[in-house]
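Both complexes shown next keep chain A, but they swap its partner, so chain B is in the first and chain C is in the second.
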Partner chain A sequence: MECAFAITGKDFVLIASDMSAGRSIIQMKSNENKITPVGPNLAMACGGEPGDTSRFADYVDRNLRLYHIRNNFPLPPPSAASWVRRILAESIRSRSPYAVNVLLGGFDTTTSKPHLYWLDYLGTKADIPYAAQGVGMYVTLSTMDKWWYENIERREALDVLNKCVDEVKKRVTIKFDFNCVLIDKDGVHSLDLKSQDPIAELEAKVAAMKPSDPEPIIPSSDAPAIAAA
Partner chain B sequence: MARRYDSRTTIFSPEGRLYQVEYAMEAISHAGTVLAVLSKEGIAIAAEKKVTGKLLDLSLAPGGEGMGGEGAEAWMGGGGEKIFLLNNNILAGLAGITSDANSLVNFARNRAQQYLFSYNEDIPVELLVQRLCDMKQGYTQFGGLRPFGVSLIYIGWDALYGFQLYQSDPSGNYSGWKATCIGANHSSATSLLKQDYKDDLSLEDAKSLCLKTMSKTMDSIKLSSEKLEFATMTLHPETGQPLAKIYRPSELDELLRTLELGGTKEEQIGVGEGTGGGGGGEGNVAMST
Partner chain C sequence: MEYNGGSVVAMIGKDCVAIASDLRLGQQSVGVAMNFDKVFPVNDKLYYGLPGLATDVYTLREQLRFRVNMYRMKEEREITPKTFTHLVSSTLYEKRFGPYFIEPVVAGLPSPTELDPHPKPFISTMDTIGCITTPKDFAVAGTASNKLFGVAEGLWEPDLEPEDLFETISQTLLNAVDRDALSGWGAIVHVITHDKVITRQLRARMD
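Take a look at the complex of A and B:
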């Protein structure tokens, strides 16, 4: 039982995902991070079979990092999405398929464009401006249909995202907590949805770190962006 | 007894050299010259065809009349004997043993398609160069096989680094250049390029520098499509996508005439000179039409 959604804007992608972990009607954890950074400017929200999701996220992360190390540049988001889709398509035809659904968002630093891909465990890939996965699909797509527009700015996009979160809280029986990342040219940043102005906090953080220490070229899976809430 | 040598073609000599690799490079320095010049607007590559003899029937062979074209047509028309399209964004000029070269071209095309299959994007230029060089290096190390007797010049474009020009040799080394040359007379051609290369060349300048240097390096005074292959890599003016152009014989001759480097059939040059037309380019234009 999961819920994730993502929105692209002018020069960024927002991804939000629920943080619940459990089986059947029992919730065992409400702060499980389901969004993994899989590149300097690429992150993935994984939903589906709980064990598969973390293993799949790890597999993608490490393979993309290997590509980065071998070739001295990260795989751009469109190529990464094609590759992830291929893995899922091969997986569904194997003895032990990954049962995962993915929202892959990234910022292409070569073309300066944000990208968002919706992928499911069957190996479907769709390149779309906003997307939802899991139970959230039924209630948030219409919200995004109404409020999203092209080249939307960060604060406005975050408003749309919060509207989606509210909609889920209003309409879905299960209680979810959400965490959120923003991906732009500077990297993958976590946003605190509960704070007053997360974008201002992010801007301050980026401004503070920019002159002295640029983002590490190769992201380490445990260090940046997302600390489990 | 012979086994001792056969299986050890690529071991170090007591002086610390790999003779087989050096011999392969020696073989290449007798092959037809290939020369390329990089500019910000695109890359030009020219290759010398060694004319084998009058009786050789080239009418159906690659490099015949149907050769060349632009974009998708470059695939249809194909290259000649020396210049090949490896992928939509990469052209290569080869110097060395033709049969080895064919096998490398096939390998490169396969790798480029594999990349496209995995990532749905054209392979970055340096990555393809690396793939080929990994393969070439393998043959300098494992016994019983000889190295590839081929040097390549790669010209290409990718979104990451734009236009790029690389050269690789039988040892598996590769390097990036602004202008470079392989094959016969490569050292004299390189020093000519060193003199004349400027950083702010336009594509037209690059084409002209490429062909002018070629004409100084080759034995014959007048160039023509019979002895030369020529191609460019540019960006499509509308789509911004890489555009390979392999010149058709007629297009190359026209270019050579505008640069006053030849572009006429050899007999005609003889007639032109004989009738007092002089060596001037304009005389030749008149002759060929």
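Take a look at the complex of A and C:
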């Protein structure tokens, strides 16, 4: 039982995912982070079979980093999505398939465009402006259909995202806690959905970091891009 | 097949062929994307459509692109619609006991050669394991195939000019997918003639 959704805007992608972990009706954890940064401007929300999700996220992360180290340039989101799709498509016809559904969001720094890909465990890929997966799909897709528009700004997109979270809380029997990341030209940032104005906090953080820290060429593996809540 | 939904239709006209598909990608009853084109070009006189399981649409398209590129490099010429049909067929039969869940439709205009200065327009379809059918009128595939058969049977007539063929194939597709829950959400039509390909997106029912 999981729930993830994502929204693209003018120059960013928002990804939100639930943080529950457990089996059947028992929840054993409510702060499991399911969104992995897999590049400087790329992140992935993984849902599905619990063991497979973390293994798959790790596999994707390490391979994309290897590409980055070899070529001194990260794989852009459309190519990364094609590669992830291929892994899933080859896996489904293998003896031990990954039962993983993915939302892959990224910001292409070469074209300055946000990208969002919806991938399922079969290797189906959809390139769409907003997406949902899991049980939340049935209620959040219609919410995003109603409120999303082309070139939506950050605050408005976050409002849509909060509407989706509220809708899930209202209509889905299972109680979920969500965490959220925003991906833009500066990288993958975690957002605190509970704070008053997460976008302002983020802007302050980015402004404070910029002059002193030039962007690292190779993403550091132990940089906690998303703090577990 | 019924997992993602989608339909493709191809029709023969007078010195032209048309191929069209809907744009829906679903996960059973939930619509996921409305930009999922199922028709791809091989060259400017040969197109093919791949309705069926979406993961196999991508996989088969990548495989066919590779094989057509290899053919082009080895033979130093463009592949003919008939040869391409057999290429698709053998690609499918390679997976005889674990097939791609795709029913391809091929539509193309063979270029005139010395042996055959006035070749006929060509369409063909296959089942999931590559058994070929080459109809003389129209070819249908996908979740709305039964409806497409009915409408196409009523609307198609021989020797349609490109614009009339466009109208016929568009009406056939739109009216068939409107009766199918798993197809629709937009449509795209390609009419292939000797000097150009006319590609148009249709405005369809989006519910």
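Everything below uses one rule, namely that the second predicted complex is superposed on the first by the 226 of 229 C-alpha atoms of A that agree within 3 Å, B and C clash if a C-alpha of one lies under 4 Å from a C-alpha of the other, contacts with A are read in each partner's own complex, and residues count from 1 in each chain.
Note that in this section a contact is a pair of C-beta atoms (placed from the backbone, for glycine too) under 8 Å apart; a residue touches a chain by one contact, two chains touch by 3 or more.
This structure is a prediction, so every number in the text was calculated from the model and none was measured.
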Touching partner for A:Trp83 - first (chain B), second (chain C), both, neither: first
First, second, both or neither for A:Trp118, with chain B first and chain C second: second
Touched partner set for A:Thr110, first chain B, second chain C, both or neither: first
Chain B versus chain C as contact partner of A:Arg93, first or second or both or neither: second
Which of chain B and chain C A:Asp127 touches, first, second, both or neither: second
Touching partner for A:Ala200 - first (chain B), second (chain C), both, neither: neither
Comparing the two partners chain B and chain C, which touches a greater set of residues in chain A: C
Chain B versus chain C as contact partner of A:Asn71, first or second or both or neither: first
Chain A partner contacts - residues on chain C that touch it in the complex: 3-4, 25, 27, 30, 32-33, 35-36, 53-55, 58-59, 98
Complex contact set, residues of chain B against chain A: 117-121, 124, 126-127, 159-160
Chain C-touching residues of chain A, taken from the complex the two chains share: 85, 88-89, 92-93, 118, 120, 122-128, 131, 137-138, 141
For the chain A and chain B complex, residues of the former touching the latter: 71, 73, 75-76, 78-80, 82-83, 86, 110-111
